[in-house]
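So that you can tell them apart, the chains are marked A, B, C and D in the order they are listed, and the count of residues begins at 1 in each.
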Amino acid sequence: MTETTTTTRPVTIRDDVVIGGNDITLILGPCSVESYEQVRAVAEVLVAHGVRLLRGGAFKPRTSPHAFQGLGREGLEILRAVADEFGLLVVTEALGVEHVPLVAEYADIIQIGSRNMQHFPLLWAVGETDKPVLLKRGFMATVHEWLMAAEHIASRGNERILLCERGIRTFETATRNTLDTNAIALVKATTPFPVIGDPSHATGRTDLVIPAARAALAAGADGLIVEVHPRPEEALSDGQQSLPLEQVPALVDAARRIAEALGRGVPMPATR
Amino acid sequence: MTETTTTTRPVTIRDDVVIGGNDITLILGPCSVESYEQVRAVAEVLVAHGVRLLRGGAFKPRTSPHAFQGLGREGLEILRAVADEFGLLVVTEALGVEHVPLVAEYADIIQIGSRNMQHFPLLWAVGETDKPVLLKRGFMATVHEWLMAAEHIASRGNERILLCERGIRTFETATRNTLDTNAIALVKATTPFPVIGDPSHATGRTDLVIPAARAALAAGADGLIVEVHPRPEEALSDGQQSLPLEQVPALVDAARRIAEALGRGVPMPATR
Amino acid sequence: MTETTTTTRPVTIRDDVVIGGNDITLILGPCSVESYEQVRAVAEVLVAHGVRLLRGGAFKPRTSPHAFQGLGREGLEILRAVADEFGLLVVTEALGVEHVPLVAEYADIIQIGSRNMQHFPLLWAVGETDKPVLLKRGFMATVHEWLMAAEHIASRGNERILLCERGIRTFETATRNTLDTNAIALVKATTPFPVIGDPSHATGRTDLVIPAARAALAAGADGLIVEVHPRPEEALSDGQQSLPLEQVPALVDAARRIAEALGRGVPMPATR
Amino acid sequence: MTETTTTTRPVTIRDDVVIGGNDITLILGPCSVESYEQVRAVAEVLVAHGVRLLRGGAFKPRTSPHAFQGLGREGLEILRAVADEFGLLVVTEALGVEHVPLVAEYADIIQIGSRNMQHFPLLWAVGETDKPVLLKRGFMATVHEWLMAAEHIASRGNERILLCERGIRTFETATRNTLDTNAIALVKATTPFPVIGDPSHATGRTDLVIPAARAALAAGADGLIVEVHPRPEEALSDGQQSLPLEQVPALVDAARRIAEALGRGVPMPATR
């Protein structure tokens, strides 16, 4: 196969943030929205480091029905309130077709989770909204199936799609998943969609998040989505893979160094 | 780990067919409902061989949005009409939460597809119906995740669950998937749910369907779900893995021989 | 793909035992040869049930250099002495090229282990002996690579090859490996080589060995290789997957029932 | 799991080249040694860009026995002659125990191939030489098994081991293998061995080699081993993944930029 010449088509959100341009985009936040105080604590750190996108889960898909399933609408209200207070944009997941109108009302970017990558009715539903979609790759999906899922969304008229590589399932058990940097390089080179790397789910361990974030960017990712938490040890979900807020500066610095090595950048915080 | 003593809890449908008892249950039909004539041709062969369950897809989840997506409600009406005419029961898939009421109106057993095994809102929705659920294992789901998905259904009050092993995704490319007979033996030994094997999707090739059907039963499956078609070469989906109707007698005979070797049986056709 | 018509070419050993004919062949023995008494205890049970092939490891490939590595030449001498005493044939592994002459001197069938399936110098070395070769499939080898490995052996003049499916590595962790019954059916249908199933390594758990043995035979295997031990709980290797000798009758009975369902048989013990 | 503090123990070769120190090490050369002219053409480019390690295969493990198996001793002689002429060091594979003395005579670093990672007699044999060993991870090996293989080598007295991640086998078919950058980060953080990334085998396609090289270094690799060829389209093996010599400057530049972002460097060519 040969060098490709596809150029990424940037996605602009609220005439404000551009994803897929020269700058790297960071999307940070807790796995689950747990409280107003929790989200506010995260937002303060984001603003201090120039991060504009706040992620958080209000509806949580959990393997066990007995695990915390999220705050639902209250979680969305918390995200929106804190985001508006700090001038941030919200990325959050729609778990089912029935949630799409509600999520679209509160979110700036609608996330489709890994387990739902081939839930076609949901893809069609977000394809009929005017919100950008962060499409997580199924942990069992080939690159071909991932792009076909994007095609399901685009077929309903919404082409503002962000492809998110979050690790695939392999035989390796030392890490939660295997970050597929080959896939990042491949979709970056062969599709017009911006690519986001998720080092949190791809590794499942805090100590590997920053190296994996570097690898995703070096492979060509246009951004990163990373789970952070004020007190990971108390998180209601994914604590073992969440970065404590104290490590956000190290993450931003690592991303900036790799971005600059590639002739790209990471936005600086607005001066107050 | 040690020998287990769990006993299968049979699921009775319409006070008529029992799945998970001493007899093996066969569920046959086309991948997609294409026409009344097609389904009727299949039904005649089923009745002639004592098969009581008719499968067929009305809503088809397809990797590409440009592939045939099924006849929808019309497909359900065809299945019901033919089933009632021949005294058969209907097994068909609900693709999304929004389809559940409609599918529940026409089907005797609601199927959850492999791609939807972790679409929790759909699991909750079928968990609130009074219809038995055929839960296909996700092609990249561990046995633990599969049983947790069953738990999501049961948590809403519906414990009439049939676990269907339909092959998992591995590195092997000579077959579409890898039939996990270990998993069949394991869930049969450790859960109360009847287990169904799907040799069609597990192999993806007609020439391996009967050997795979034998293997599934030998591992302990209580039944088989097999794709058959009057003219596989003209099928709108899965033709390469559908058995032509002429091979139904060989399939039923193979199943009966293995069943008898295990002290079980396969129902004989009703004498007219 | 279409039905195939390849016929298995039986392999005859010492003008005595035929593998790949109408009868199913059982190959039983301990993972590791530990002592003369241990092997003798196993042999007595084999003879009592008509089993003619004794397996046992003298050179053990172990993941850790600190694990028991086998008795070496002494193990071979024990196997040969016991086999001759009871009129059995010996199947044992050659771990490296340098062991081939020694193993060929003591064994009736030389085993190539899963980890060595693509160790080409070893394949060439056994290809130059006059002993039948039991070629275990690599646990991450495609069917194509497995058949190419057989081709490496055959290319040196030795076509008396037995293909052994012993489970492949997948994402599933509930079992040690995943028995690939599709592969058994495929190589049985498309190659002239007899096929042996290994339910011990394929499951890694004693309670699943018999169901997996049934599945392998139902898929078309010409024989089974199974780890048995007088006291699995004291075994120096693979105890958790070894059948205690008390379960040999159940294994032989299960194999016979499936064999007969397929129009095949399992030899009865010689009457004394 | 928590942050680790293991420090890499550099490996020095011929009191000349240090691997695992602050500088990144590049190891370039053809998959197979085909001729003196071919290797010489490669060496000239290496020297021009400050690359000190020349790789090349003399004994080639090939899936098919009918594929080119390498030039053998003649290949070793060509590598040594060209390396001495240009002041380079040689990295080449020992395919079997029987080749170790010969390879040790010509090579500066002995490579153990992916298919041989668990061929223990070979690990023991190189463990008894005084040459550093480049241990490729089996494409099917867990990180634990990979480190146990290193332990087999070290158990014989040789601790000068370089761990090489060359991609693992997964369900993805768009690339030859999946580069496991998580594993690079993990072994870098938890073992004393230098880590080398192999973007050629990890991707299997020329157009992804440079992005994968960047990702490996960003994850923490101490070096890269890359297949290059004067005319990839005429290569006797691996042409589809070999970089043409014209792309060596781009590779070296990409490596240098990432290295510098990490506070490391890539040696500059000696001024003549």
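Throughout what follows, a contact is a pair of C-beta atoms (placed from the backbone, for glycine too) under 8 Å apart; a residue touches a chain by one contact, two chains touch by 3 or more.
Which protein is which chain? UniProt says A, B, C, D = 3-deoxy-7-phosphoheptulonate synthase.
Remember, predicted model here, so these are calculated numbers, not experimental data.
Undergrad: Would the interface of chain A with chain B count as same or different, where same needs over half of all numbers used to appear in both copies?
TA: Looking at both copies, the contact residues mostly coincide.
Undergrad: Looking at B-D and A-D, which one has the bigger number of contacting C-beta pairs?
TA: Top pair by contacting C-beta pairs is A-D.
Undergrad: How far is the middle of chain A from the middle of chain D, if each middle is the mean of its Cα atoms, in Å?
TA: Here the centre of chain D sits 34 Å away from the centre of chain A.
Undergrad: Could you put a whole-Å number on the gap between the CA centroids of chain B and chain D?
TA: 49
Undergrad: Enumerate the residues of chain D that touch no fewer than two other chains.
TA: Correct list: 140, 144, 169-171, 173.
Undergrad: Quick one: do these chains touch in a line, a ring, a star, all-to-all (complete), or other?
TA: Per interface graph, the chains form a complete graph.
Undergrad: What residues on chain D touch chain A, complex-wise?
TA: Residues 1-4, 140, 142-144, 167-168, 170-175, 178-186, 188-189, 202-203, 205-208, 211-212, 214-220, 240, 257-258, 260-262 of chain D touch chain A in their complex.
Undergrad: Taking the touch rule as given, give the residues of chain D at its contact with chain B in the complex, in rising order.
TA: By the definition above, chain D touches chain B via 169-171, 173.
Undergrad: Mind listing the chain A positions that touch chain B in their complex?
TA: 61-66, 95-99, 115-116, 118-122, 138-140, 144-145, 148, 151-152, 155, 169
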